[in-house]
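Pasting a structure here, questions to come.
By written order: A, B, C, D and E. Residues from 1 in each chain.
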């Protein structure tokens, strides 16, 4: 009962919010709707009993990733609408619709068979976090470490990419300054 | 003891890696010193192992790790230190140590000093693997390893240009390196076949396991394996008809010639035969063994004959090496494995000494090797002269030096086996050996001074180099005295290597020895009369004789290289040309080109998709994804 | 000091007192040790302690500094000068202003407006007198210029009003007649100094 | 009762919405948003499959997807800022410097 | 004793009642918190604080509330109106959602004589997740959208700066919060508040603060930053950025930020009390009194610190987070892990 209500509520909300994300001209609307859509997706996870995944979704996706996006957005005027040349909208919606159609048809058909056995069954009386931890640190230890390494590399890359010449202005014309520097160097050379 | 084995094996490897670190940098003297010290350590370890083996008789056998394990096929990195391998280890590491130290002086002015030591140490490592391995696969790895290192070292001066054979008997180092390498590959195929035959029929590559099963194998298998393995040995030890590479390999630096082409690598073939002595002692392969002995004898004579007229200092030594290898094969083929091994060791010492001395001369004469341009170098290079003379005496087989004891034993063996023809050939060869080696000594160190007129200013080698050579000189003198104890030492392996002269021969031993000595002395005397004198009687070139048939025959190495060139190389070139123009260009390239053209055309047509706009690319990607999805859905429905 | 001098002055040689603040940390290690020292020495907690002590004193020792202003007022200085007062003569109760108009003339913010007329005794009398406290800047010139010490600054400082222009009438400022006895003969601004007589110099006109 | 196919359908719909966004958007930041939508849609499918097959592997994949998304953001935003510094715009049509 | 542990079934009515209770009481408490803050700060500055409205100024809360509700709701012309309006709600909502997973007030059963609701059991935690702590952290992380969107939507440069500071400060200190609380989590082996409480039931010496003093201090510092209290209140620091993200807000919307902030303070105090200071003693009759005292102490501590210490600069803030607190937290985790392994 709860599940049905919650599911349809969340479904309707996420679809609506993500549609706003995709369609909105205002980047602030996009960002807000995306973030709240993600919160609702964590709701899906809670319904599905994946508590830990839900919280990770909250902390990482909502708390970190989207916050980083919004941080990046501060480079632009977020209150102004962005102008995009939307050519060929028919193709876009045709493709999107076709994908949706095909996927929905595929999934709506009864696909699950009885033969698939659980590899790591969830134990009764053990919290989802424990289960996740056990599986993560046994079967998926290597991918886990690789993911950690990947995050580290990404962090370094992000810092280097974004941090380079952080002291330079984004809007001021730097070439003029460069020329001045060059001229002074030339003068030095002359001397 | 195990640790010592590892030290003996890996110290050269470490040295090689260390030198390789500086491979591209400037000449650094410490690189050579470190490499030499590491080889010295390997020698000490080998010597300790030998001493231990002598005292206790315990064969050290270790398995370092599993190497290949596929199904029933199991090969491990195993090493065995028994009397055979420890002899080789000691000889190899000792000669290597001397050569390393020598090379510090010899390669003094070379740009690629560090690289040289890297290669040299790598060679020693490969050689150690070869001799220490307890299975055929390990042996083969070492075998190939020394081949590669030999290729690197012979071609060390790869930047020297090619020369036509007509202008100069020597050709370019890279040509020589390639020749050596390719010729060895041909022989290695034979060896590989031999190993396969043995594995196929015994299911193992371990020496002891293979040999234990030999009696249960059919005659054909034994013969096949013996022949195939011997083909490998022929290549590595440069036996006829695969011998031409050895003299050409003299293009490499002299330390390389001393180490690889006299003392160690070329004896690997002999070592293989000795190693596989249970196989070659089988009744069924008696014919093969006799063929080995005959071939050895023939090569001994054949090489010696070519050396008679050679003018190039190093090539003479190379021919003599060839000839001595023939002696070893003769002994091994006749079943006297320990004598072959003993001659191998003794030969290694004095031949290395000879080569190093030759290197001194070469260094002094600024890489001029023509004997006829030297003469009376004795007054400038006294130390080298003494060493060379000593080594030549040993080579010629005069008592009490090393060469006499080992060579005499081989000749005696030939007599003992009632193969009198071989005996006769060997005795004759001994005389020729004495002649050409002293011809070389007299031409270079005695007689008239011919180099001053040509503008050479020879000088003696560095002191430390001469000192470093001294162990070889001492060993060249004294090795023979320990023949009896060595015999006792190696007899511990088992019956297969034991060989005793029959009573009949034993009785005549002294006379046989005297005959050999007589021939040798005769050779020396002839050489002296012809070449060593000064003044009126000084040696002059005889143009007429040089136009003679025999002279030209010998000079041109019996036209064997020419034969190879005319009947193998050139047809092969023509065949390759045909394949290149007809098959490769037309068919293969045509196919590849048409594929490329297709894609080029396709790309040309679809280039308009490449707008450089990410958004468009994403659209295309989505189109593809939808297409794939649809296909998947449809196929799922159908399936 | 001319501009040139000003630019070239050597700041360092002037009589500045430098405080000995110790060496400021430069390397990372020094900064680190500084942080550790400051954290472990508990300098942070000194601040907390001081604040807590203050609170306890305020609560329990009555050391509270709040003045409940509309109900409590701080005593003000007798020389405080705020809203103007119009004085009366102590003896007669008549007001002192003679309507000379000097205060109106001198007022630099033009906030004093006055009108005079002759009364039944043909004396000049103030008929209208207003001060716009929205404009008054309390410069005190009016009191200074008043020859009769009629207008002075008084102690009333609550002069907030609901309009921008807050006019005050003469009667509002005048001392009520029944409080005449409370009127202070002024030590305030514009009052005669105690040694006023000694300071009087005779002008040549007197002779 | 909500079954697996319900979740898969909602996941598919969300994925298609993300796809539409990817195709439609010209602004790089918006494009990133659209990809995040797609990733989230896939996460739902994984979690649902994990739940209905009683197997944690699906959740694991969702975790790794989140990790990948985090890395993508770190690097992507770095690139985005560099691009904005260089071109002063995030519009893909302006960034098409490799036009053939 | 065992009878105590067998709790009645939690019905949705109970949860609903609990939710309403939390909403009502925490809002009231948040308002009361403003009063307490003003009072305490006044005492610390030898002032009296609000005194006029009601006895000892107690009705000041009501006065403030009336003022906030009736004040004009100004929305700047160029602001993004929708987002501008939503942002304060996010702050308040996330603060209260976080409280849903935190034990607030004791559980009780409504007496039978109450009509309709008689016998309904009201739990202490509205939603007893087994990952309570993570959920609270996650919700507090989501709470950063309030200030962030507020700052970005209002078309005011101080707002943008405030939003940027919000993003930087919250993102950074979330790391420290999570890492500092990880060490106690490792010791307890659970993410549930109830387990934390049960772990520390053997008297004062079993409190987590003795085992994890470093984690406690780190959590406290990070908690200050997460609730943007002095000395980390850079996002609305008047001297630098006018009022930061709240520059353009007035009336009830501003009030919602305020309530959210105070609710967050209460949440952090509750977490600190439960995780580090022993929580509530379920067996003792005065357990709930003690935890109230602990929470009150933490609340008081925040005011105390605000009265005592100055702000720090943004760069010092970042330096403190990434170069001091985070390494310390990691070292603490390592040491804990090693000790646990040994």
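Everything that follows uses one rule, which is that a contact is a pair of C-beta atoms (placed from the backbone, for glycine too) under 8 Å apart; a residue touches a chain by one contact, two chains touch by 3 or more.
None of the values given here were measured: they were computed from a predicted structure.
Chemist: Which two chains meet at the most C-beta pairs?
Modeler: By number of C-beta pairs in contact, the leading chain pair is A-D.
Chemist: By mean C-alpha coordinates, which chain is most distant from chain B?
Modeler: So the chain farthest away from chain B turns out to be C.
Chemist: Which integer distance in Å separates the CA centroid of chain C from that of chain D?
Modeler: So the centroids are 69 Å from each other.
Chemist: Go ahead and note the Å separation of the Cα centroids belonging to chain B and chain C.
Modeler: Taking the average C-alpha coordinate of chain B and of chain C, the gap between them is 115 Å.
Chemist: Using the average of all C-alpha atoms in each chain as its centre, how far is it in Å between chain B and chain E?
Modeler: 84
Chemist: Any idea how many Å lie between the Cα centroids of chain B and chain D?
Modeler: Computed value for the inter-centroid distance: 65 Å.
Chemist: Among the residues of chain A, pick out those that touch two or more other chains and give their numbers.
Modeler: 52, 64, 66, 68, 71, 73, 91-92, 95, 99, 103, 106
Chemist: Of all possible chain pairs, which ones touch?
Modeler: Touching chain pairs, listed by label, are A-B, A-D, A-E, B-D, C-E.
Chemist: State the interface residues of chain C toward chain E in the complex, per the touch definition above.
Modeler: The contact residues of chain C facing chain E are 35, 44, 47-48, 50-52, 54-55, 57-59, 63-66, 68.
Chemist: Within the complex, which stretch of chain A touches chain B?
Modeler: 88, 91-92, 95, 98-99, 102-103, 105-106
Chemist: Under the touch definition given earlier, write down the residues of chain A that touch chain D in their complex.
Modeler: 3-4, 7, 11, 14-15, 18-19, 21-23, 27, 30-31, 34, 37-38, 41, 44-45, 48-50, 52-53, 56-57, 60-61, 64-66, 68-69, 71-73, 75-76, 82-86, 89, 91-93, 95-97, 99-100, 103-104, 106-112, 116, 118-122, 131-132, 135-136, 139-140, 143, 147, 150-151, 153-155, 157-162, 164-165, 168, 170
Chemist: Can you list the chain D residues touching chain A in their complex?
Modeler: Listed in rising order, the residues of chain D that touch chain A are 1-2, 4-21, 23-27, 29-30, 32-34, 36-37, 40, 43-44, 47-48, 50-57, 59-60, 62-64, 66-75, 77-82, 84-85, 88, 90-91, 93.
Chemist: Can you list the residues on chain B that touch chain A in the complex?
Modeler: Touching chain A from chain B are residues 619, 622-623, 625-626, 629-630, 633, 636.
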